[in-house]
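Here come two complexes built around subunit A, the first alongside subunit B, the second alongside subunit C.
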Partner chain A sequence: MKEQIIEILQDLTGSEEVAKNLDVNLFDTGLLDSMATVQLLLELQSQCNIDVPVSEFERSEWETPNKIIAKVESLQA
Partner chain B sequence: MDIIQQIDKWAEMTPDRVVYDYLGDTKTYKELKEYSDKIAQYLVGLNLQKKAPILVYGGQTFEMIATFLAIVKAGHSYIPVDSESPKERIMQIMEISQPVACIAIESFPLVLKEDVPLISKQMLEGILESEPSVFDVKQYQIKGDDVFYIIFTSGTTGMPKGVQISVNNLQSFLSWMKSDFGIVAGKTFLAQAAYSFDLSVMSIYPALTQGGRLAALPKKVTDNFKELFECLPRMELNIWVSTPSFMDICLLDKNFNEEEYPELTHFLFCGEELTKKTAQQLHERFSKASIYNTYGPTEATVAVSQVEVNETILKNYSRLPIGLAKEDTELIVVDENLDVLPNNNAGELLIIGPSVSKGYLNNPEKTANAFVKFQGKFAYRTGDLAEINDEGQLLYHGRVDFQVKLHGFRIELEEVDHHLGQVSLIKQATCAPKYDVNHKVSQIVAYVVAKENDYPSDFSLTKAIKEELTTLMMPYMIPQKFVYVDSLPLTNNGKVDRKKILHEVNC
Partner chain C sequence: MINMQPYQNPTYFLFITLALIPIIIANLYEKKLHWYQSISTVAFLLLSFGGIKWHQGIALIIYVVLEVILIKIYYEYRKRANVSWIFYIAVIVAIIPLVIVKITPAVYGGKASIIGFLGISYITFKIVGMIMEIRDGAIKEFKLRQTVEFLLFFPTISSGPIDRYRRFLGDYDKKLPQKKYLDMLEKGVWYIFLGFVYKFFIAYFFGTILLPQVGQNALAHGGISWWLVAYMYVYSMDLFFDFAGYSLFAVGTSYIMGIATPMNFNKPFSAPNIKEFWNRWHMTLSFWFRDYIYMRLVFFIMKKKLIKSKITIANLGYLTLFLIMGFWHGVTWYYIVYGLFHACAIIICDMWLRFKKKHRDQIPSNRFTKMFAVFLTFNIVCFSFLIFSGFLNTMLVHHIMK
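Let's turn to the complex of A and B:
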């Protein structure tokens, strides 16, 4: 699961950093903008079989690869 | 009736009707008239060169709209500049347009020449405290072929182009908006696009001239989805105006449907291709609403063709058409010699009609290239590839040159290259769009030959390059992805082979 998420992030951002540093802030560093965030959510929904309640999407809770992994795990549970 | 009189009429007929809603902070038509009259009076008092442009800098607030109106009432055109714009771009716009004054609703990032007055928000507040007096608008206002607004788009050499839209251009657009979309007076329009982007004109003036309300949705809200979906239901929208990309964000929320938004009856899309997937999904959520796909360049006043995307259109087309021309306009498909092509043949699209701009401000060369005489008529060459089918529907096939649309923003790849080349860490660079399954551009990818540097990783180098780029170009133009190479592929002529990179990016 973790690898899959990192792969999605690498593809969207075109950066290896998301694999090397799981605590990198994706928004502050400009790695993800709001349209890329949409693509991320769509990928997570289709590949990880989760339902992301976008109306509860608080940006600060999704700002690093680690936080995203934790979120996806909690949504799968 | 004149656009300005149509708007002022509502202040007399329905003074207490709300015209602007900024996240719950509302203003009435009476306040709009008072504000714009007072500022117009003040501007007239400055004795500025008649009809010359005035730059307005700010976000999506009531003061911006009221200032636009004040400027045209005082006999000038306005240049809207969004407060998200980088300094470099504002400097270029200033240099090209030579405004006779700047009105800064947000704090202005540049120092002006001594003879150009800067009117700050504090000064505006001072002017507004004065006692109301009667402003004889008809004596000063712009009319006919006078320029109403100037919107800057991207340019190939890195210099933006200022499209001049006249009162008559805008009037032609508004008549069509009133007649062809089944929108009645007094409706609430979504104002999501920045006011420096001409999609915003599709909300602003149809709402103001028809006694409607503008409900602003600023970027700081749309960036945080949680806030966005708390905000949207409270806006009580009737008429949706946005890019298809923004709709894709909204469709992520399962509650975005007609049960939760029963008053939302019209969806108008412009600025980029509306994919069948997005339209289909929206139609399933809002089966009773009317969904319109529209098409047009800034140079022909926002949009010139429309089609209602209904069951039949969805059934018959795999890629949605962009519709039929508005009544006063001719859309003609030609080959490279400007000879008319028969139906079902793709060629460059020409636009002839009263909403076509007179050209780019202070740029006769670019104007002469894009605005031509065609069979004795004044025509705009769109640079868009299109064909007309036997039903008269216009089908869009992309660009004839290196221009792409990303999330509704027009981006010239050569301009991106130009800016990349100015970055101190870059030796040589070019870029290419990455397309998704719906033929839509999803990313701009830069291929870069970097200068020698001490950055420990590609990531930190990219971060540094992106930081430098933010001072040079609009944020939406900055490539999302950076690929580092030792050299760029070249064509036989020794030019950078963009096609090869395009292929690599999309394989």
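Let's turn to the complex of A and C:
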């Protein structure tokens, strides 16, 4: 699961940074913009089978790779 | 009966201070005075929408009653079913009054609509946000009293910041530990005093003292002149300090009431590009557009696979967002051009960011390039504000009349 998410993030950001530093702030650094965020939600939907409506996407809860992994795990449970 | 517009004169601040005393004491004892807050809401609404503005007051009451009924109906419907076109109708019905209010002056030569009132657009944003979150199932409970308190929250009623229902509700119900409240109180007072400096000193200097003179000279000179350039910067400074000052009053007052209304500005003129600028300028509005229009539109297009190219989708999203923002400011050519200008700027910014990502090694990045980026962004933004100001229109009219 973890590798899968990191792979998605690498694809979307086009950067190795997300694999090296799991606590990097994706929004402050500009690695992830709104467009990429939507792609992330759609990828999670198709690959991990979790449904996150845009309303439930609270940026502060999804701002680092680690937070995204934790969020996905909690949503799958 | 007297009438006072929010945060305009010392008496209004005196009233606010007096009204806040019981709320401060209650919060210090870790209690919430909901009934008292409701009474002060009514009192301050009467102050701003009573007296000579009574017709606006009536419009406000009718508007809120009808919109709350709409939210309730949609909420009840959503519990049973979830069909897209019902959702679209609910959103359209919710924005009809705002659309009428915005179009009326353009059609009737500047005459204001009788159903309009100060702050109608900000309440509409909150309502549309609620309907969308009800659709998503994010709002699971509809509470009548809290909804009305949220929509009519008096510190932010006239010009925002635009709060969100679930965030507001959390603060409204939560009893704060004394230490945390003291911290908020301190911040609130600080924000209000900073607001005084912004609005009554800096914005007064730029807007009331400098701007009319510079404007007169620019008009007398006509065409492109150094006076026009000066007008652009002076207007931009006035716009920022006036609105940021007002926002500080609204946020400060909210904090004193124990409600952490989100901030509207975060050093916008130090943004290194236009995209970042919109993360710092009138943030509650730009985030509203980002979350409720841009992201939803992009999500919809990508999910239905209507357009293949990701870049085209993003650009279409920007155009939609900024055109709507332009129209929302008012149906005049310069607001719409302002919207288009920012859409183009952000599309070009994205192109540059993509280029930069690909050629990271060849492009220098140092203190000088960073300073240049801030400088360039600042000037592009100021130019957009010159369009926004409507001064070019004034000059045009002046030229034709001559």
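Here is the rule we go by: the second predicted complex is superposed on the first by the 76 of 77 C-alpha atoms of A that agree within 3 Å, B and C clash if a C-alpha of one lies under 4 Å from a C-alpha of the other, contacts with A are read in each partner's own complex, and residues count from 1 in each chain.
Methods note: contacts are C-beta pairs under 8 Å (C-beta built on N, C-alpha and C of every residue); 3 or more make two chains touch, one makes a residue touch a chain.
No experiment lies behind these values; they were computed from the predicted model shown.
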Which of subunit B and subunit C A:29 touches, first, second, both or neither: first
Partner with the higher number of touched subunit A residues, subunit C or subunit B: B
First, second, both or neither for A:14, with subunit B first and subunit C second: both
Subunit B versus subunit C as contact partner of A:76, first or second or both or neither: neither
Partner chain(s) touched by A:38 [first = subunit B, second = subunit C, both, neither]: both
Touching partner for A:49 - first (subunit B), second (subunit C), both, neither: neither
Common interface positions of subunit A, toward subunit B and toward subunit C: 14, 30, 33-35, 37-39, 41-42, 54-57
Complex contacts: residues of subunit A adjacent to subunit B: 12-17, 20, 29-30, 33-39, 41-42, 52, 54-59
Subunit A partner contacts - residues on subunit C that touch it in the complex: 132-133, 136-138, 275-276, 290-291, 294-296, 298-299, 302-303, 310, 313-314, 317, 353, 357
For the subunit A and subunit C complex, residues of the former touching the latter: 14, 30, 33-35, 37-39, 41-42, 53-57
Partner subunit A, residues of subunit B touching it in the complex: 222-226, 229-230, 245, 248-249, 252-253, 255, 407, 442-443, 445, 457-460, 462-463, 466, 475, 478, 480-483
